[in-house]
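Once you scroll down, you'll see the structures, which are given as structure tokens.
Paired with chain B in one complex and with chain C in the other, chain A is shared by the two complexes that follow.
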Partner chain A sequence: MLIYTIKRFFEMVIVFFLFLVISYLLFNAIPGNAFSSLLLNPLLPPEAYQKTIEAFGLDKPLYERVQLYIINFFKGDFGYSYTYYPRTPIDLIAERLPRTLMLFSIVNVIAFYTGFLVGKILAWRRGSKSETWITIGSVFSYTVFYPWFALMMLWFFGYKMDWFPLGKFLVPEKWYDSPYTSDEIFYTLIIFVTVSSFLLFLIFIFTRNIESLQNRRNVRFLGLISLFALAATYWTNGEAALKRFYAADIAYHMILPTFTVTLVAFAGTALLTRTTMMEVLKDDYILTARAKGLSQKRIRDRHAARTALLPVVTSFIFTIITIIDGSVLTESIFSWPGMGQLILEAVVQEDIPLAMASFSFIGILALIAHFIADVSYAFLDPRIRIKSEN
Partner chain B sequence: MDNQNVERDIKATLKKNWKLFKQSRLGITGLTIVIFFGFLAILQPILFLTNIWDEATYHPVVGYDAEQVARTVVECPDQYPTREYQTKEDCPKVDEVNIRYLKAFNIQVEVGDIYESNVQPAPPSSRHLLGTDSLGRDIFSQIMEGSQVAFLLGLISAIIGVGISTLLGTAAAFYGGKLDTYLMRQSDLVLMLPTLPFLFIISAFAELKVWHLAIVLGTLGGLGGSVITIKSQALQVKVKPFVDSARITGGSKRRIMFSHILPNVAPLALLYMVFSVTGAIASESVLSFLGLLNIDMSWGIMIYLSQTEGFIFTGLKYWWLIVPAGLAVTLLAGGFYLVGRGLDDVFNPRLRRR
Partner chain C sequence: MVESLLEVKNLSMHYDTLDGNVDAVKDISFTVKSGESFGLVGESGCGKTSVAMTLLQLQPDNSVITEGSIKLDGKELIGLSENELRKVRWDSVSIVFQGAMNAWNPVVKIGEQIREAMREHYPENSKQQNINKINELFKMVGLDESISERFPHELSGGMKQRAVIALALSCDPKLIIADEPTTALDVVIQDQILNEIKKVQDLLGLSLIYISHDIAVIAEMTDKIAVMYAGSIVEIGPTQEVFKSPKHSYTRALLDSTPSIRGEKKKLRSLDGEPPSLINKIDGCSFSPRCPTPTTQCKNQSIEMRLVKVGDDHFADQCCSGCVKNE
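Showing the complex of A and B:
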């Protein structure tokens, strides 16, 4: 297992260097001088111009530039952003990345959980009327043209019903005399969400082994209530009570995007779970479980769904890559200032250093996700685990 | 003699598979949707050639038709809501015109008169089945043009993608060793490329036309994850006894690969092809929705136009600008997906009901 991991790690490092080189060559292939818009920007002082030339080695031959780019990547030095001049690309990415990650990890967890539940029920009720209708619904939400759907949601809930704000990250009027910056508040939110979801996870892990379904449900319910009580005491005491107003503003802006993306994203998991679950249900051991006289619910949840979970979990880890992909659309429709909007803006305005930096960062994120997916798949699937040990 | 036998065999298999496919209701639904849009795509050139449709009026990009519509003159109130109008957006209604607007152009009318004028976007009528857009172009004709684009793009990219991935996947399984390692790492690299940002960057320096995009999407899809899946399928075929017997009887490597292994991988490849059409149609629409594609008309552009011209937040008042295009993308992509599901039932015997 360890050897397999190390081997994969080295392969990944090679793939990553290849990715860096290819992404540099891609930008280099832009006709004309990719950096020419630099000359036209009156906001940039001569130092910035010099700095960019040095950082990217623009007066050197191609292979030296590639080398320089790789070295600079590890130093985190990409010169200056053209459009946001005194700020550097790394600075901008550090600001935007948490927002994207926060929004989409919440979406993914919710979508994964509901998708798994729906898929389980779909496979179990094969052939019934409700199965057909839920399948049609999931196929619709799986294939719906996402920007159109998001705009419709924005129109209906944001404009017509006026329940939610029309995009954006916060309401500026509320923040005029705020003692905190929005980033500080946002980090508090991130820590809060991480800790509470970790506690939730712990509750589920510890109650997993309670045999009686009735008891387990009760214990989980108790745990949830105490978690809510804990959260309430946190937000009403100390400094958090002052931050509460601003945090609520950001959270309010997150509801509609989260809801929309979840509606679209859960269907993929549901359809996948349905397929794997149906294959599992044909297996002999399910028949054995039936013959033993176990209750239907127990067979479904304990015997079938457990085995069907494996491919679904890996697909869940793979979705980290699609998070980044999908973020571009969601963020440009809901005006959520994250990575996706940053890269779209950079490409449209030909802000080359920023585009390069964000593209490489997205790449490295995807690479890490891919690596984790691979290793965890090997860890979860005994067939691969045993094969690699021999 | 031999040829006839083979032909009869193929016919029999097709008949059997069709029978299986017919059993899946979702698959048939999908096929109906796909055939419907295919019909729309073919219908437009026929209508133009037979002069049933005049190009000057119905052309999806340069056509123009100003529809004369008689509308009642009304005066919009200052305060809302009133009995007739709930909000400011409701007045004037589609068949009404505001008197203040006409007064601004020095047109003398009274409230309650009938005023005839050109309307754009015009609501659906017998002349324009789905109305016209804000430039007086026929929406139904645009939908037809969009389905041509979608079919062209989807099919080209799917054929390229499946061709590449089937060849590479089979080769990786059959030859193994260094080639296998290289191909797997390559598909890792392609898999980790964030597709949309990658397409943005390409669109930044190349004027992307439909067939350029088809080639790019096909190549990306062909080098990516499908190689891995097809390789695993080919590995299962490779250890079957008939491959061994072919080798013993002296079949060359290339012959074994092309005439024994490839046909057995083909059903899975077909399945991939159908599913990848869904992705291709969605990516095209997304790119033209963001205004990054250099094409005249497509479903994505129709939505892009209705958004940039501000019709999207008028809700259902101008529904013919918003709903048909979005539904068309959704339905065609869903149709291909459902066909794929139907084929899945045919080629995956484990999932069959009996």
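Showing the complex of A and C:
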């Protein structure tokens, strides 16, 4: 396993290097540069344009710039953003990333879990009327033109019903006299969500060894209750109590985008789960499980869905990348100022340092996601574990 | 006289398919006494496995039991709800499946898969109790204790089949249905597994239903035998007697197609034709088109299929029981 991991790591480094070079070249293939628009201003002397170009090193030949960029990249120097000068790309990403991370990690987890749940039930109820209708619904939401759908949701729930805000991630009026910046609140929220999901995970891991199913269920339920109690005490005491008001504002703004993206994104997982699980249900060990007298639910969850999970998890891990790049569309429609909008801006304005920094950041995370996919696959499927050890 | 553990009476079952009803099991009756081993033999597709699956009602969703009764220990199984059946499954009757290769879930450890069944039927057992019992069972079937912590793909075919036997014994059943447990194994392992089953059966005093197309294996394993053809039992009786004086021409043909180690070399006879499609209703004797020695009555298909007594506890189909005598 160790040799395999090391090998994979070296592959990742090479791929990343190629990724950097190719994306840099691609950005330079766009005609003009970030400052071309200066030329349109007749009041500006051409020397000023020339000076700006020189100041940012854009007059140097391409191969020299690539070389310089890569060397600086590995030194940790990403330059300055052209459009937000003198801010650095890292600075900008650090500001935008928590917002995207928060929204899309929650969206992805919810969409994956709903999709898996729905797919599981669809396969199990094969041939029933509800199966037909839910499948048709899933296919609809899988194929629907997303921008239109998102706008419709915004129109209906935001404007017509007036239940949810029309975009943005906070109500500015509420924040005028806020002692906190929105970033601080975001960090608090992220830490809260991470810690509570980690605790939830621990509860499930540590109760796995309880032999009696009844006891296991009770202990898990108890754990869940105490987790809620813990969360409640956290938000009502100390500093968190002061932040609660602002955190609630952000959470309220997250509901509609979460709901919309989930509706669109769950269908892919649901249909994939349905297909793989229907294959699994034909296998002999399902018959063994039935003959053993296990309950229907346990056969479905423990035997059928567990094995059907493998391809579904792979597809999920590849969508993790969207957590970081943020769906550009979603962020534009819901005016959510995250990474997606930042990248869009950088590309449109040919802000090469910013675009390169964002892309390489996503690239690194994509590579890590693929790596996690491989490792978790080995964790889920013992058959692969053996092969990779050899 | 030992009382009968399993009593199957006039059991009929068909599969509902797009092409029509497939009559897989037609009017079958037999009894299994406690401690007895009962053999079910017949060619592929004659309904052996359908019978086995129907006993625990594990048959596919498109099957319909049209009539009959299955009594286990005096308790009627047909008409029980799924939850009631779950209590019977594995607790009273367990199955050693056809393909041990695929009987295990590939992503769950062997020990966990056995414990899962025990958890269901002995909810009050502690984990250590269950582990101890599994180790005991593994010893009985000749497996190492460490197998519990292995995944199915790490075992050989023979080991998997032994583990399946341990699995079948895990909840102290009264009856084990062995559905061609040795089909996928080579002859040496086959022999070992058969000995294992026999040993376990004697040790625990279990009843056994042994299903196979291999009449030689059946002869070795069972006290009583039923020969199935096209969904019905054509001959049933004590194994020794059926082998010594087969009354039905299909039984005769089966015996003739099996080589014998002792005695003079004989050319093996094979049967012409194919087993009938079970979709079409057959009037009269279903075996008559392939019968090597048909009588005119058979050809006209005028005799109904019905078992008649041909010896002590020995019954055969009335049509063909005549055929053999005429030879």
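The rule is short, and it goes like this: the second predicted complex is superposed on the first by the 332 of 390 C-alpha atoms of A that agree within 3 Å, B and C clash if a C-alpha of one lies under 4 Å from a C-alpha of the other, contacts with A are read in each partner's own complex, and residues count from 1 in each chain.
As a working rule, a contact is a pair of C-beta atoms (placed from the backbone, for glycine too) under 8 Å apart; a residue touches a chain by one contact, two chains touch by 3 or more.
Keep in mind it's a predicted model, so treat the numbers as computed, not measured.
In the superposition on chain A, contact is made by A:Glu211 with chain C only, not with chain B.
Of the two partner chains placed by the overlay, only chain C lies in contact with A:Arg290; chain B stays clear of it. In the superposition on chain A, A:Arg306 contacts chain C only, with no contact to chain B. Greater residue coverage of chain A by touch, when chain B is weighed against chain C, goes to B. Looking at the shared chain after the overlay, A:Phe140 reaches chain B, while chain C stays out of its contact range. In the superposition on chain A, no contact is made by A:Val193 with either chain B or chain C. In the superposition on chain A, no chain A position is in contact with chain B in one complex as well as with chain C in the other. Partner chain A is touched in their complex by these residues of chain B: 25-26, 185, 188-189, 191-198, 200-205, 278, 282, 285-286, 289-290, 299, 303, 307, 312-313, 315, 322, 325-326, 329-330, 333-334, 337-338, 344, 350-351, 353.
On chain A, the positions that touch chain B within their shared complex are 11-12, 14-15, 18-19, 22, 26-27, 29-31, 126-127, 132, 135, 139-140, 142-149, 151-152, 155, 159-160, 275, 278-279, 282, 321, 324-325, 328-329, 332, 343-344, 347-348, 350, 355, 358-359, 362-363, 366-367, 370.
Across the complex, chain C is touched by residues 209, 211-214, 283-285, 287-296, 298, 302-303, 306-307, 380-383, 386 of chain A.
Residues 56, 58, 82, 85-91, 94-95, 97-99, 102-108, 115-117, 119-121, 123-127, 130, 151, 153-154, 167 of chain C are the ones touching chain A in the complex.
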